[in-house]
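Here it is, the structure in full.
First chain written, first letter: the chains are A, B, C and D, and each begins at residue 1.
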Amino acid sequence: MWRNRSMGIASITSISAVLMILGVVLILILSINNAVLDTKLKFDEVEVFLVEDLSNESMDIIEETVKEYPGVLSILFRSKEQALEIMKEEWAEEAYLLDGLETNPLPDAYIIKVNDIEYADELVNDVKTLDGVEEVKYYKDVIDKLLIFAGYIQFGGIMIIGILVFISVFIISNTIKITVSSRRREINIMKYVGATNGYIRGPFIMEGVFLGIIGAMISIAIVYFGYEYFYNSMNDKLYDLFTFYLVDPKLIFADLAIMFGTIGSGIGALGSLVSLKRFLNV
Amino acid sequence: MWRNRSMGIASITSISAVLMILGVVLILILSINNAVLDTKLKFDEVEVFLVEDLSNESMDIIEETVKEYPGVLSILFRSKEQALEIMKEEWAEEAYLLDGLETNPLPDAYIIKVNDIEYADELVNDVKTLDGVEEVKYYKDVIDKLLIFAGYIQFGGIMIIGILVFISVFIISNTIKITVSSRRREINIMKYVGATNGYIRGPFIMEGVFLGIIGAMISIAIVYFGYEYFYNSMNDKLYDLFTFYLVDPKLIFADLAIMFGTIGSGIGALGSLVSLKRFLNV
Amino acid sequence: MIKLVNISKEYRNGVTALYDINMEIKKGEFVFLVGSSGAGKSTLIKLLLKEEGISRGKLYLDGMDITRVPNRRIPYIRRKVGVVFQDFRLLPNKTVYENVAFAMEITGSSPREIRRRVPIILSMVNLSRKASSFPDQLSGGEQQRVSIARSIVNNPPVLIADEPTGNLDPDTAGEIMKVLLDINNRGTTIIMATHAREIVNSMKKRVIALEDGRLVRDEEKGGYSIEIPNI
Amino acid sequence: MIKLVNISKEYRNGVTALYDINMEIKKGEFVFLVGSSGAGKSTLIKLLLKEEGISRGKLYLDGMDITRVPNRRIPYIRRKVGVVFQDFRLLPNKTVYENVAFAMEITGSSPREIRRRVPIILSMVNLSRKASSFPDQLSGGEQQRVSIARSIVNNPPVLIADEPTGNLDPDTAGEIMKVLLDINNRGTTIIMATHAREIVNSMKKRVIALEDGRLVRDEEKGGYSIEIPNI
């Protein structure tokens, strides 16, 4: 009785521990994904700066050329005056610096919204060669860096999850192996009395699944409430910068529950099966 | 034979797994600490903006007042011209905007370097009331936000480590409990033949320590080489922003080794002791 | 019922426990298996139970060749052969009642049938008072009687007993022998390995003697030793 | 050597296994403990070995009161009392040789002494050939002989044996009894619980009989049962 209880607790603990870490890493990855996606959306424009006093014809050509490209959502003209206004707004406190300007040194520009900034290279190269285009600016570099960086973190996270799952399956199958091995005598006796493999296997697999599901439930509870608490306290403090990208706990609860339940009971069942195998050949 | 081997592997795996995660979290916390420390150093100045054409007397008073404060490292005068130069440098590409200025709208200022920006509140409040001071700017808010944020992350990290250590001690002591329980008969027999508790305990504790140290060695190797690889590949790609704050693997190796070794063997020994206790009362 | 043809058994560590054994046991027979310690009695029983593989020779049960059978068929063979082990082999987490009931459960007996039969069997081996005890709360002899109860509860056509009276006082042993004789009279074939000279000599049943792994004697109405028991 | 005063034993589950036992066993005596299955023989032995606590009464060993002793002193009491268990209790991961040597190691014997003595003891119980076998490679009787070898290897002043011949054929049992008599003649006090009527009757030693937990007979040169053995 004591032996089984202790080993059950061990199994549940390992399953919960693994799933908890899995949950944390998952939330991290999801949040980073969120951030990357959002940043990509924000940087979805190409700025085309024009030479001073461009003719209407040249402007038409530019507009036409741009509009032909797939992935272009809209093209908008921004006059130098509008640009200065926007700048003043953005500078806020330091706007007084702009008040001292003699003339408006900013150029007219087209603002092109695109689908996905990653595929704007061709567009940019083409537009650059057009008459009357002074300079083309877009945030490809920033985005590229960000993407690579996010990729690294995601890769790292997935690696950690992979290692963890591997380790956990190992620990759990070992725990169960030990449970089974401590019941070796019991299994042997059952076999000698004429029990079939299925008859013996049944309860062990049930137990494995049961332990797995309990472990999953515990870890879901801890991860969910812990994360919700963290999420809310972050939001209270208004660290928008960061918490803006945190996934909403409510949105992931169902996914977490299904995922943890599946993984937990799967590991439990598999662990039992694998570890029983060697003992059933009596 | 097989039983012991399998359980040994289970113990080693759990110890390694825990220490590995511990290592990753540690490195994360250290790196964040680095970043915070560095940011704090960068934001170690208070800017005191002066009204236009301030008298030398008022300036002297300000200098004297400031110098009296403990924690003030230096006080430097920055003229409006110097300020504009610096601004132009910083703006680089957009410096042409400043060329259009009629007059220099920037104020003269004192730049006060302080020991720790966190304790500059009093200084700032005092200086604000002085004659000829237009405005005082320092990055207390930014730093505060950063600190609180870093604090959260560190707190989270330490929580995770705590939970992990707890879980791991539990798993390991359970694994060893199971090892011991599977040797219950053996221990009983030894006791009946007249073996003392010390005689029986010895090999088990040795085994626990041994397993712990092997687990520690494995996790050190994985964490160290894995992190070194990550570190180097990040440096290659020159993501200075981020990798600047990563701790150098070479610097932490010794600490990691000592820490992991101690924790690993400690957990092993403790686990054995704890789990043996109930079996020795025969 | 059981037929052994030229059977030999060599253990993996090189010990040859049985050499070239031939015997045939008919339905309803009562056979004593005797021989000194290490002669090969338990090994022979392990072969009949498919607990150990057969090195050479052929083994038949009920006309079927069971020398080699796939693992999944072994449970069904074992259900035909009740067995009392020298070391009892009781499930430590189950009570006496549950240990016996368990043997019925695995063969798919109905709960009602189990509730009816188990108490009868327990009273046959004089253990009704201990029905709710666990094995480690029993004396050696009591554990042996549980083992016996479990082996006969399913009414197997063959019953194999490895020293079923080894840990019993003569009175209890006598009662157990009565139980065995009783089920033997109802048609169950019984093979009993034993060292109990008095029991063998008094029962006047077939005796098969092993000596260092060889069959050295096979006698109807034999005695424990070779000298003919005084009449 | 051993003195029991009004000893009773009640197990935690409420079973009272011994009632009010009084006896005194002198140094160098050979005592048979007889009684039917469940009479309390093993329980009495467990009390002597401090395996179970004593419910009421007093127990003396070698003049010392050992009714209650701190746990850390128990190993030293057990070293004075060699024991052969009904269920052998061999270490499964050690060979026959190592199982016997182990009992010497824990008492701090020198490796040389161990190498000298273990083979002698193994040949006394006729197991020299099996020295490097593991317990599960032995027959029941062979395991019992290992258990006997281990119990006498340290020359304990008292030897307790719980049915040491239960799994042995009469010849091997006779040899074991010769070994026990031999060490008894060298001064070792021996208490042997047994069901072997022939052995008890032929040895003419002191017999203590238990019945349902009560001491019902204590006879010098007694027999297994109450009727005086025919002369």
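The definition used in the following text is that a residue touches a chain if its C-beta (ideal position, glycine included) is under 8 Å from a C-beta of that chain, and two chains touch if they have at least 3 such contacts.
Predicted model, so just to flag it, every value in this text is computed and none were measured.
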With centres defined by CA atoms only, which chain is the most remote from chain A? D
Return the distance between the CA-based centres of chain C and chain D, expressed in whole Å. 28
Using Cα averages as centroids, what's the distance between chain B and chain D in whole Å? 65
Just the number, please: Cα centre separation of chain A and chain B in whole Å. 24
Which whole number of Å gives the spacing of the CA centres of chain A and chain D? 70
Where in chain C do residues touch two or more other chains at once? none
Could you tell me which residues belong to chain A and also touch two or more other chains? none
Have a look at which chains touch which and call the overall pattern line, ring, star, complete or other. ring
Touching chain combinations (by label order): A-B, A-C, B-D, C-D
Chain C residues touching chain A in their complex are 49, 51, 71-72, 74-76, 78-79, 83, 85, 89-93, 102-103, 106-107, 150
Which of the residues in chain B end up touching chain D in this complex? 1, 185-186, 188-197, 199, 280-282
For chain C, which residues are in contact with chain D within the complex? 11, 13, 15, 34-39, 41-43, 86-87, 133, 137-142, 145, 162-163, 166-173, 195, 197-198, 224
Can you list the chain A residues touching chain B in their complex? 3, 6-7, 9-10, 13-14, 16-17, 20-21, 24, 96-103, 105-106, 145, 148-149, 152, 156, 160, 163-164, 167-168, 170-171, 174-175, 177-179, 181-182, 230, 234, 237, 239, 242
